[in-house]
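Next come two complexes built around chain A: one with chain B, the other with chain C.
Entry: the complex of A and B
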């Protein structure tokens, strides 16, 4: 029980747990998607689109937990010495790849959701949607695989190309001296990995050190006085769009405005999703601006949990047919009613956690 | 440019873009 508690509350553990999902689970979704396209199966198409959408939501939490994992290594000061085998550049390269990978995956998630929504809208799904998702999902997979590859370099010095090159140079020297080429079993003894790491670090002039794009973006956010108030205002615009759509759709399912059929309020859902998209972009910019406000903040952790639950909740509405029985004047069945009540609770929780970041947590 | 004007202009531009996207999504759904 203590181990489970440690895993769920230590954000480093959480990152190691989550970081396999945007690559491995996404590959599974991609295979299902390709099979669906080849076989023209609507059921498999919907399954893969729902998977894309959920994995995109998890990718956001993965990105946030990664920043927390970095903070766990470095402490609060960026100058704190890292463990001997961890290179600062490796973390930054991974972080930059993750930022682009997460954004691409979020875009894939947005259009996957839109395609699911179009599957039940008035007209047939437009012909451009699935080709666009094919391109976006392939790009996302490449970007996330690269992120995973670079992430491996953080703790596995033995696969870093620059360290491997140094190590190999040392082994060649040993081979030349001992005339016993390829004595792999002696490799770590004769040429310790740490020596290769030290050489790589030692040979790095400060000006050639990797320039973090995420940090440059973060510096842009906090370096311009107009940025933060603009982002805050837009975050509120997004929140208003999102919460309005959430309330209208879910209150109808709970029994209000029964004269309005569910098929009518369903048309409002993309407005809610556009609101979420605004808040994802502005939220990510807040996060890269001052990560320390969020990655050690328990309320932010809960906000991410509720965002994931909200993703699961909206997927329910995309996949389940029960809601469609709520025609004009007809009450919704019990399943959709529970989902609707959950949706309102979950989104209020997201709003509450967001608002309480500075008051319960340590933001600002 | 004063801060209030910069924020107003950027927020308005972003709202217009969002409105346009909402319009296009809705139009793709008209019979």
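Entry: the complex of A and C
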């Protein structure tokens, strides 16, 4: 129980737990997707698209937890030192790769959701959707694998290429000295890994060697006075669009304007998803602008939890057939009613958490 | 100005501004945000439907949402007045506040016109819209976008008060 609490509240553990999903689980989804395309199986296609969508949602939370893990490592004081063998540059390289990977995965998730939606819409799924998802999912996989590779360098500095090169150079010296004694001046007796690690760690000036792309983007966001108010306004427009779909679709399922069939209100869902997309982009720009306002903010943690629940909730609507029994004049069955009430509750909670970021948490 | 100062010095205004209670400024602003999401969200969906998106969605039954739209409007009129009272001297002298009110007045008139001109016809889903329907829908979208933008900018332009 204490272990579980430690995993869920210490964001470093949470990041190490979550980071396997955009990498390992995404590979599984990719294999399912390829098998589905080869076998032309609609069931497998839907399964893989739903997996892409949920993994994309988890990728966003993983990015946020990574930033939180960095904040936890560095501590709140600017003078706090990183643990020995952890390179600041390694964190920043990993963060930049993660930003690219998360953006590509979010795009994959967005179009996967659209493909699922199109699969149930009146018209047939357009021919461009699945090829586009194929390209985006492959790019996402490459970008996330690179992120995972660079992430390994944070904790395992001994496998960094520069450390490995130094170690190998040392071994070469020992080798040469063994073959031709006296040929190498100052030949070391042996080559501990730690020596190579220490050389690399010692040779890097803190905070200066690597230029962070995430920080450059963040500086662009906070460097222009018009930027933050514009993003906030767009965030409000996005939440209004999102709310309209949430309210009209779910209130219909709960019994309002029963004459309208579910197939008609279903057309509103892409407007809601467009609102979510606007808010994801503007939200990520807020996050990279001033990460410290969010990555150590408990209200933001809960906002991410509710966004993940919302992802599960909307996946239910994409996969389940029960909602479609609500034809003109027919009440929805109990399952969709529960899902509809949950959807309204979840989004009210997301908005509450977002609004309370500065009042309960430490933002602004 | 003295009048505005009197409003701002009311016990209620001081409570909103300075009590630090989550029910005061944060809670009232939260209600204002929920109101905005419901009001602008539903109106925008209807406007987009009039402009031709979501053709399978019948318009007439969407009238059932009008009571919800007007409840949200009055929630925001009341919470907006509360927030204004707490900050009367700065907000009421800020030209951006006048711009926001102008957008809202035109938006409300447009909404009344959409309800009386377009929705009054029980056959709206079987007949073409009146000629100015699309213009009203565009005007509605522009005005609510303008109101949100001007409202958000109240925290940034003019004479920011920290609220």
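Simple rule for what comes next: the second predicted complex is superposed on the first by the 333 of 364 C-alpha atoms of A that agree within 3 Å, B and C clash if a C-alpha of one lies under 4 Å from a C-alpha of the other, contacts with A are read in each partner's own complex, and residues count from 1 in each chain.
In this text, a residue touches a chain if its C-beta (ideal position, glycine included) is under 8 Å from a C-beta of that chain, and two chains touch if they have at least 3 such contacts.
Values in this document were obtained by computation on a predicted structure and should not be read as measured data.
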item: Partner chain in contact with A:278 - chain B first, chain C second, else both or neither; value: first
item: First, second, both or neither for A:114, with chain B first and chain C second; value: first
item: Which of chain B and chain C A:359 touches, first, second, both or neither; value: second
item: Which superposed partner A:132 touches (first chain B, second chain C, both, neither); value: neither
item: Chain B or chain C, by number of chain A residues touched; value: C
item: Contact residues of chain A, present in both the chain B and the chain C interface; value: 122, 229, 233, 237, 241, 267, 271
item: Contact footprint of chain C on chain A as seen in their complex; value: 122, 229, 232-233, 236-237, 239-245, 247-248, 251, 256-257, 259-260, 263-265, 267-268, 271, 348, 351-352, 355-356, 359-360
item: Residue ranges of chain C touching chain A (in the complex, touch as defined); value: 22, 26, 29-30, 33-34, 36-38, 40-42, 44-45, 48, 53-58, 61-62, 64-65, 68, 145, 148-149, 152-153, 155-156
item: Touching residues on chain B, where the partner in the complex is chain A; value: 3, 6-7, 10-11, 14-15, 18, 21-22, 25-26, 28-31
item: Chain A residues within the chain B interface of the complex; value: 114, 118, 121-123, 126, 225-226, 229-230, 233-234, 237, 241, 267, 270-271, 274, 278
